[in-house]
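I'd like to ask you about the structure that follows.
Chain lettering (A, B, C, D, E and F) follows the sequence in which the chains are written, and residue indices restart at 1 in each chain.
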Amino acid sequence: MSLAGYEFEVQRDDGLATEEMTLNMGPQHPSTHGVLRFVVKADGEIMRTALPDIGYLHRSIEKISEKVGYHGFMPYTDRVDYVSAMQCNQGWAMVCERAAGIEVPRRGEFCRIIACELGRIASHLLSVGTMVMDIGGMTPFTHAIREREKVNNLLEDLCGARLTFNYMRIGGVAWDLPPGYAEQVTAFLDQFEPLIAEYNDLISYNKIYVERLANVAAVSKEEAINYNLVGPNLRGCGFQYDVRRDEPYSIYPELDFDVPVGTGEVGTLGDCFDRYIVRIKELKESCKIVRQCLDMIPDGPVLARVAKKLKPPVGDAHVRVEASRGDMGWYVVSDGSEFPYRTKIRTGSFSAMSIVDKLSRGIMIADLIALIASLDVVAPEVDR
Amino acid sequence: MPLEALVFYLLAALTIGSALIVAGSHNLVYSAFALLGTFMGVAGLYALLAADFVAVIQVMLYIGGILVLILFAVMLTHRIADVEVSNRTVGRIPAALILGIVGTVMGVCIGAAEWVQHAEPVVEPTTSGIGEAFLGPYILPFELASVVLLVALIGAVVVSRKELRGPMVDG
Amino acid sequence: MSPTEIHQRLQDQHGDAITAFEADALDPFVLIKSDSIVEVCRFLHDDPDLAFDCLTNMSGVDFLKEDYIQVVLHLYSYTHRHAIVVKANVSREEPSMPSVEAVWKAANWLEREIYDLLGVVFTGHSDLRRLLMPEDWVGHPLRKDFVEPEEYHGISTRRESLLK
Amino acid sequence: MQSFIDGLIASGAFGGLPAEAVYPAMMFLFASLVVFGFVLPLVTITIWLERRVWSRIQSRVGPNRVGPQGVLQGLADGVKNILKEDVVPDAADRPLFVFAPYLLVWGFLATFVVIPFSSALVIADLNVGILYIVAIVALSAVGVLMAGWASNNKWSLLGGIRSAAQVVSYEIPAGLALLPVVLLTGTLSTQGIIQAQGWAPWDWFLFHSPFTFIAAFAFYISALAETNRTPFDIPEAESELVAGFATEYSGFRFALFFLAEWGSLYVTGAIMAVLFLGGWQIPTGWTNNTVVLNIAQLTVFFLKAYFWVFLAMWIRATLPRIRVDQMMSLCWKYLVPLGFVNLVGTAVWMVIWPEGNAFVPYLMVVGTLALIVIFFRRVLYHLRRAKPELYFNPAI
Amino acid sequence: MSLINSIPEMVITTKLDEVLNWTRKSSVWYMLFGLACCAIELMQTGGPRADLERFGAAPRATPRQSDMMIIAGTLTLKMALRTKVLYDQMPDPKYVISMGSCSNCGGLFQLAYSVCDGVDKVIPVDVYVPGCPPRPEALTEGLLKLQEKMMQERWLVKGSSAQAAA
Amino acid sequence: MASSMGRYLKHAKDAVATIFEGMSVTMSHFVRKPYTIQYPDRTAVRVQDTLPLRYRGILEVDLEICTGCLACERACPIDCIVIDAPKDKVTRAMLLSRFDIDIAKCMYCGLCSEVCPTGSIHHTTEFEGADYSLESMIRRFVKDPVLAYKAKKGEETDPLIAPILDRGMEFLAEWAEPIDMKKYKKEQEEAAP
């Protein structure tokens, strides 16, 4: 393996000189969840740096948008962040609606939010599950996956797919809620909420788990903002900011929910545990939001009529949505034709990956695993 | 008994053969691993002499402790994996000289000694006997050895602490 | 602070750097000279009334017909909860502009990505290498005139559809 | 053993072959018999059991297609692995790479020599038996280190070094934890230790005094660490070191690693049964038939050993992995001081009650039962909270 | 192998072949090779709902101990070379399941400049599973198809197709 | 000293307590029903039958009601549908001579069935399609060229086609009906007071 561009000068401590090892973690490594590569310089178990090398899943989604048109790009947004595809759908739909000045029916907005929050539950479940798996606990992972399956079933009833939903359309959603959906979702939430407590009993506050995560790779608030960490990673630093609440879109202003932040309850503020526990707490908040939406949902149509060949006026538009991995920026430039001139997606994982190099210095190899897992990096979101 | 003789020669061969590899191998890691054979052979010889406790302790301390530590030290040495010849043979002539002298002296001693032969080695637990001996007639050397080990232990701690205090990372 | 006020403030301090201001766009933007981007960004970041502490997005757009590459910075202030878009044009032939990495660390990878996909060279960047594409890749794919290579390391990039 | 072979020789069963040739041949035969007739089935069943237990805890089914309920899974895995291509990486150090798995398996098989399965079934009742086991475990450390280095893979090397550090460190608390038992019995022989206990729980060393009780768990933790079990599986930490020292191994050699790993899990359980649960002790006097007696003893011994094996599986399904430095601090800061406390405590206990306290063992048995009751109340609490669908059938 | 393959076809060798094939099919260890979206479904397939372990298929982290490689997701050009290396590291006999449209033929990313259209350009594929991504049951079906294929192979009998191909 | 000793003991206590708790949770899972659906053979119902009508499985075409409008072919972003529909020179009717779908390439997005006017092309709940070669994964629906369906005014009367059309309409009914937002708003406002 060539290490072009990764030549370091070997640093020497006074005292006994030990050999510095260059470890190639990935692109196929069990804990990188997909294809990320880290060039790890380690002195025994202690790391000097871990330089991320990305692009192994660069699928040129942004370029494809220039070829398939506004409607045809919707399925591709599923693949930007396949773990929580709903919010990507929403981001694309919103940016197109903004660029073309389209209004969405109110029931459509509710459908979107229900789907998004269910998607967020699924995404966070996978995130905390794989995090525990990386720390070495297989059972909590399978329990999380089991619950995720149930969410998947719900989403499957809603839009016919388990992972790549393609649920939203520019101007609304493609399917209305199926009959009896509210009861199904409520039944799921009723059995799911106690399981969060069980999950906490099993793993979150387990001593070994806490010891593995507390005080590891803490990020300060200023650092997080400067590196543009978003979402749970930013809130883990104790900074209460959520696009849903602070730059509200859709029907979020009407909903009542908390924005959980890290408190440093077992270690330093902004450590891996804080990032983890924020996600656990957000699971509860998402449940709350879904329940409210199901109560408040009005009758009516869900999809506005939009031209088959959508041609937004010349100009550009940018929207931010709170995806599971945080603030996701969608930027589209229109040249007045039926194809987007340029699309840019700025994702949470992208900035999270850029901070790995900084945080990895001086921690142990096992901590690097915890760090990557706690940042909840999803490879295609980084590479797109 | 012939079987015992056979086992003895096998063990002796193992011990000496491994020792030769230790001394002669070009690869430092091979030398270290060959120590395993030597230690096992010696342990086997002890067992053959009905010194079961000593044999087990030999395995426990020399293989479990010392050999592993030596391997550690060898593996953490700089670039052990890359260098082909890590164990250069130096000073052949003095070595041969010393070997000759020692060999002669030992040969003379072996020839001159009066060997007491037991008809049969007595198989009985030796553990309590060794314990009694350590806390009885040999208490002073035993305690001295303990002190020496303690000093070595503290020394090791001091040496390793020094390294840890150095700057681990920049920034 | 509204975009107009932000522009006014910027105009007072770095008036000569601003070439255009569009308040009616969906996202109001200021167009600045690419050489002065660092000073402008430094001011936007440091000024307590503006305090744009977050670079939310940074994109490059290749305008083939107009013959320039536009670098678009979406700025956001967590302190004041306001936003502005800063745009700068560079030539397509020798695209080069100063790096704002020193202002926002987030720019590090965003600039690397623009360099990789559009070929804009950011002077003063600490580690300007390809980010997404392999090191030995030829060309900048997001440019409008990019032609996909026939093969990469012996792997053909074409595939005949079985339906044809 | 020897007398039996002598008898065979005397009866002319070998047609006048020299005894020197017969002995090794017979030993080889006997060893293969033990390995293929006993150890292999034992290990495959243990692996299958682990996978099933694990699956149930994880709301899954586990292997259930290969043979009835999947019991032949281990067999299929083993045969398949033997059929696989045997890869020795180019960059690997061939002699050591090839030799390491055998060393590891040897180290694990050798422990079977002193495990007393019943009052008669023990290959060799060494009078330093328990020390022998502690000593022979060190071989596996060397084997792992060898495998790790010879693979010429940095993950393997890290795994090997971690493993060796772990085994060497945890030998000390393990040794300290079994000293109270040695102190109580005055012997190192495994049979001797069992005979010093009785069939009833209050005669077990586990409940002899609070110190032995704690020592038992300290020993168990150390044993888990020495066999690289979760939460101490850092040498082969899948999410960190790919597969640790076994990363480059494939086919048959990997099967050997597999064998050694799960085999030593059983050995751990057996030693725990010997030291603290009274081994094969059963109530006497109900039969005079030696064979029946031995079978009963064997059964009891297996049950006790598998209790600990099951506990290890259960722990593995529950706990995450600890970090290297935490592993070390657990050893040196917690287990080693605890070991000394137990040792001194037991000694003091023996001075006060040389014959053992008549009352405390009963109290401790009752206390343990109370703890189990509390535990199952928690289990019920979790069941009530989650309101799951229940399913009591072990088969599915 | 030539010696073994020269055994004439007899009932016993056929039976033995079947037994050996049965062991191989009952213990398909698959490599954790999640590339993209399909990796999530691959995880869920190993998870409680589909539970591939029922068929004796356990995930392994290293190619050396795997029998099967499930290419789960989009293969980019940058990754294609690594995939080849990983495939070469697997010991024979080895199998490849191409999971999902992207690895079948590039799927929806055929328009992309950085994607290798189809994993069969790099390594031979035994079973293609359609879907984007295939649901866990679909992948299970792929595994069953592969098991069928394994049972067809002949190892001891002369003129065996599998050995001739290898 | 005392506090550090206290911390030391607290660590040990925490560890024992949380491990105890965790073990009780895992023990409680022993008696819970496994979540596994034992596909393919040990399930009460076929897995396909448990999936909703909306499920986007492998595509299917009811040629009887295909109008040959090519809307699906145009809607597909990746061209995995190929239709040949030449006009018959004699009868001037549209003839379907080829309707191929590459299920190995399809991304199961549903854009094709969304635009179908009769529900002829639709996703089924079928997902089993694994095969040994890519060629065999192309679904060729046209065996012999057939005439394209022509929508009649009023009810469909042909007893052979009516049930198929009804089924197609069922698929269509699943999709949300787009509305004109401006008109809708106006109606709402008029209805409100």
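Note that in this section a contact is a pair of C-beta atoms (placed from the backbone, for glycine too) under 8 Å apart; a residue touches a chain by one contact, two chains touch by 3 or more.
In this text the structure is predicted, and so the values were computed from the model without any measurement.
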Chain of greatest Cα-centre distance to chain D: C
Most remote chain, CA-based centroid, reference being chain E: B
Approximate Å spacing (C-alpha centroids) for the pair chain D, chain F: 52
Chain B and chain D, separation of their C-alpha mean positions in angstrom: 29
For chain A paired with chain E, centre-to-centre distance based on mean C-alpha positions, whole Å: 31
Inter-centroid spacing, chain D versus chain C (mean Cα positions, whole Å): 62
Overlap residues in chain F, where contacts from two or more other chains coincide: 19, 21-22, 25-26, 29, 34-36, 38, 77, 102, 105, 107-109, 134
Residue list for chain E, restricted to those that touch at least two other chains: 47-49, 51, 54, 61, 78, 105-106, 108, 110-111, 113-114, 118, 132, 135
Residues of chain A touching at least two other chains: 29-30, 55, 58, 60, 63, 68, 75-76, 139, 142, 146, 149, 164, 198, 201-203, 206, 208
For the chain F and chain C complex, residues of the former touching the latter: 79-80, 82, 100, 102, 105, 134-135, 138
Complex contacts: residues of chain A adjacent to chain C: 4-5, 54-55, 58, 60, 62-63, 98-99, 223, 225-228, 239, 241, 246-247, 315-318, 320, 327, 329, 331, 333, 341-342, 344, 346, 350-351, 353-355, 383
Chain F partner contacts - residues on chain D that touch it in the complex: 55-61, 314-315, 317-319, 333-334, 375-376, 378-383, 386, 388-392, 396
Residue ranges of chain C in contact with chain F within the complex: 161-164
Touching residues (chain side chain A, partner chain D) in the complex: 21-23, 29-31, 45, 132-139, 142-143, 146, 191, 194-195, 197-198, 201-203, 206, 208-209, 211-212, 364-367, 369
